[in-house]
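You will see two complexes here that share chain A, one where it goes with chain B and one where it goes with chain C.
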Partner chain A sequence: MRRTLGLYLRLISIQLRSQMQFRFSFWLDVLTTGLLNVSYFFSTYLVLQRFGNIAGWTIPEVAFLYGMIEVAFGTMDMVFSGFDPDFFSVFIRQGTLDQVLLRPMSVAAQIFGSSFVLRRIGRIGQGAAVLIYALVTLDIHWTPAKVVYLPVVLLSQVLAMGALFMVGSTLVFWTVQRVEAINVVTYGGVEVMSYPATIFPTWLRGFFTYIFPFIFLNYYPALYFLDRPDPLGFPVWAPFFALPAALLMLLAAWRFWTFGLSKYQSTGT
Partner chain B sequence: MPEMIRVEGLQKTFRVMERRPGLRGAVLNLFAPRHRMVQAVNAVSFSLQAGELVGYLGPNGAGKSTTIKVLTGLLVPTAGEVQVNGVVPWKVRERYVRQIGAVFGYRSTLWWDLPVIDSLELLQPMYDIPPARFRSNLAEFSRLLDLEPFINTPVRSLSLGQRMRADICAALLHEPHLLFLDEPTIGLDVVAKEHIRQFVSHVNRQRGVTVLLTTHDLSDVERLCERVMILDLGRLLYDGSLAGLNDAFESFWSLKVDFAEDYADVNLPGLPAPRREGRQAVYAFDHRELSSAELIRRLLERFAIADLEVRRPPLEETIRRIYQEKLLVDGERGQAV
Partner chain C sequence: MVTFWRIIKLSFLQQLTYRTAMLAGLVTNFFWGLFRAAVVMALLSSQGSVNGLDLPGALTFIVVGQAMLAFMNIFGSYELMTSVYTGSIAADLVRPVPLFFLWMGKDLGRSVVNLLGRGVLLVAVYAFFFPIQTPKSGLGWLAALGSLLLGWLLCFAWRFLVNLAAFWTPDARGVGRAAFIASQLLSGFILPLRMYPDWFVQFSQYTPFPGMFNTSMEVYLGLLNGEALLSALAQQAAWLAVLVLACYAVLRLGLRKLVIQGG
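Our next item is the complex of A and B:
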């Protein structure tokens, strides 16, 4: 385990070195992705301002939802970029996976180490700015439990969305091309998590509760941080189900991945 | 010598989707896909002793790559038994790949954007090579393969020959017992090919590395291998010495004769009429039935001869005939399998 971690860090440091070779284009990328997302949030802000609130949530409260998920998604997109189905389908098509299988190191660790998109810090920074705006504006009643739980929620979001990347990549074993359907869940899930869950129709909410339990990853924790009542009548532990939900998704994704990899080795592509 | 590779009844069947043409076909493909089973490798058995250097030949689609993929643990066969150095490759992948090296001519196993030296140094912790061993191996291979001039160049900027040398070095730094070379000289010029052959021969002799060499280039085989295996349509057609292959299949030799005088008729009884051009004639004969000495004796009895030249067909010709005529499929001649 320690050996694998050491090797992983070496692979990542190589990635970073080669990305920093082209410093100008790197910072330009960071800036544009950041600005793009800021302008997106700003347009939402303008709409919100007109209505004053969404389903009873004020602008800073929605900014809290949005900022959390942006920071988490940006981080996930950076750390799990080897499992990005777009990246991984190229990986398979070019036969790079065969090289990975020839090296004495865990396949998953090598894929984690094969891509680390540092310029995602643009998106993370932008999300962090929105989140800080929310935290400063909102009058949150901070308790030690809340202080500890905030990073746990962020981590859970990273793991849960990473699990979807992993599922999307596993599908590539069968299809070779990336599968659009899983992107609908991944990016649709991010969209859904950016707003109060009550604005969505019941079927969609059900989908993101019972099939992909995203509702426990952002909306319910937010109710806890903001001391808002639960309009949906879930048990009191619902806000604290973020980490278990994420771990369940990751476990399922891992099982699927292992199955897909063994299928790849028995059929070739 | 201990056994390094044992393959018994290896079979690999792929399910391939049949694509029907046209719009109607595309719709049918989507909703009612039709599949066809393709046998890439069928009932292949062989064994390699430690220290051997064996050529694995066959036309495109013969099943060479499938065999190599199974032997390197990348692919799980449909049926059959494979043991390499006592283990089943795909069952203990991480442990197994430490014992082997593999070089693929058509794609690099190195990190594309890294300078060669960085790529090689990454292999030290990955294969847990003791640092001192790593340094001495690197120094030796670097000298033999002449890596120094481009050791700081990123892999993507190397010429094909340079890249191949770097790849071969990378495959051997961890001192594997067994080396798989899949088309290592493909696309290289004569000098670069020779450089690689010399090195392969060196590691086989000096370090006792067992080598399985897949190639299209028969001069690789003639230069390096004493034993060859020939595969076509997924079946092993021949497994034996290169010399034996010549004896068994180079049956039609030719004898070129320059006559000292003009003759109207130079036909010999029992032989097809020679190809003639002026005072020159070329006789084709089956050397298993008629030795060149006997043929020459008979010619000298009848004609005044200025010069003679016996020619064996080149290996390419022999192999081409084996593929074309499926000489060995019925297993009736030579060391057929």
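Our next item is the complex of A and C:
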């Protein structure tokens, strides 16, 4: 375990060093991705100026939802870069996975170490800016429990979205090409989670509750942090289901990944 | 002219080869439209209408817009840029078609496939979920199609112009990304412009962007009539002239700087 971790950190440090070679273009990239992402929030912000609220949620409250999931997804997108289906499909097509399998080291650790896209801090940064705006503007009644729980929610979101990247990559074992439909739950999941869940039609909300438990990852925790009543009448533990939901998703994804890996038959390149 | 048609036809056939990829993209497109429609529905259901845009109109705007996404190539493209970096632009420059029309032909062929394959199919599926409005008269259809064509040309000219940045910097993708964010936001693609605050709408009127998308959708929905309609179409045409002239001027400056390395 210790050896694996050491090797992983080693791989990552190589990644970081190579990415920081062109400092100027690196920071420019960070800045433009940050601006690109924040422009979508900016659009919502402008529209909400006219409308005042969406489903009873004010601008800072929506900013809280948006900021949380953006920070989490940005972090996930950085740590799980190796499992990004866009990246992993190339990995498979070029036969790089065959080399990985030959090395006497955990396959997952090598894939985690194969890519670490540092410029995602652009996305994390803009999410953090929006989140800070929300925390400053909103008059949250902080309790010790809330202070402890906030990072737990973020961690849960990272793990849950990472699980989806893992599923997306596992599918590539069979399809070779990346499966675009997975974007509906990865990038689409972020989109869905940045709005109050009540705006979606019942069937879609059901899909994002019982099949992909997104509702417990951001909406319910937000209700707890912002002391909002629950309009959907879920059990009282619903806001605290984020971590169990994330762990369940990760476990399922891990099972699927090991199964997929055992069925892997190179592309012959 | 004959060559121009051939280019369109070839790129049409080329795009047609990727049918599975197109269908796969359709699923994502479809769900994304549902997410966006839910936002619009939540905003407008309490208010009734905003600036003359009511809920069915706004839903049609979003859903038809989502279907036009691939046709209009709203997210932009970086192909011309790449051809400058790889040097394949050298071969394109000696062809008997001006560079502007060469790329227009390529883009048009692809867009037509996306319109027929993705656009029409998506609208048909969305029709089960939402009450999709259509122009009320033959003349309305004609105006909408004319405006849509102008919108497409504006989008293309903008893409071409942005890509020309490649002549001046070794990595123009950042420039492109920033430029395409601006056009997405100000063209009303993300949300109809009528839903934004008045100062933002006024500001957008000083740019060519509303003509790329918002105007066509407003014409389609019949929100503009009589003089307003004519003035909207005239504005689209005027901006098109400006952008095409800018493309030609910038291209000339860029070509003067261009050095193709042998190989």
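The rule we apply is simple: the second predicted complex is superposed on the first by the 264 of 269 C-alpha atoms of A that agree within 3 Å, B and C clash if a C-alpha of one lies under 4 Å from a C-alpha of the other, contacts with A are read in each partner's own complex, and residues count from 1 in each chain.
As a working rule, a residue touches a chain if its C-beta (ideal position, glycine included) is under 8 Å from a C-beta of that chain, and two chains touch if they have at least 3 such contacts.
This one's a predicted model, so the numbers in the text were calculated from it and none came from an experiment.
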Quiz item: So if we stack both complexes on chain A, do chain B and chain C clash, or do they fit?
Solution: fit
Quiz item: In the superposed arrangement, which partner chain does A:Leu65 touch: chain B (first), chain C (second), both, or neither?
Solution: neither
Exercise. Figure out whether A:Ser266 sits in contact with chain B (first) or chain C (second), or with both, or with neither.
Key: first
Quiz item: Just chain B (first), just chain C (second), both, or neither: which does A:Ala245 touch?
Solution: neither
Exercise. State whether A:Leu131 touches chain B only (first), chain C only (second), both chains, or neither.
Key: neither
Practice problem: Have a look at where A:Arg10 lands relative to chain B and chain C in the superposition and call it first, second, both or neither. | Solution: first
Quiz item: Is A:Ser18 touching the first partner chain B, the second partner chain C, both, or neither of them?
Solution: first
Quiz item: A:Ile215 contacts which: chain B (first), chain C (second), both, neither?
Solution: neither
Quiz prompt | Touched partner set for A:Ser106, first chain B, second chain C, both or neither | solution = first
Quiz prompt | chain B versus chain C as contact partner of A:Tyr195, first or second or both or neither | solution = second
Quiz item: According to the contact criterion defined above, which of chain B and chain C contacts more residues of chain A?
Solution: C
Quiz prompt | Superposed arrangement, angle subtended at the Cα centre of chain A by chain B and chain C, nearest 10 degrees | solution = 90
Quiz item: How far apart, in whole Å, are the nearest Cα atoms of chain B and chain C in the superposition?
Solution: 9
Exercise. Could you please specify the touching residues of chain C with respect to chain A in the complex?
Key: 21, 24-25, 27-28, 31-32, 34-35, 38-39, 41-43, 47, 50, 171, 174, 177-178, 181, 184-185, 190-191, 195-197, 200
Self-check item: In the complex, chain B residues that touch chain A
Solution: 14-15, 66, 69, 72-76, 90, 93-95, 97-98, 102, 107, 109, 111, 113-114, 118, 122, 125-128
Exercise. Using the touch definition up top, name the residues of chain A that touch chain C in the complex.
Key: 25, 28-29, 32-33, 35-36, 39-40, 42-43, 46-47, 49-51, 54-55, 179-181, 183-184, 188, 191-192, 195-196, 198-201, 204
Practice problem: Within their complex, state which residues of chain A touch chain B. | Solution: 3, 6-7, 10-11, 14, 18, 94-95, 98-99, 101-106, 262, 265-268
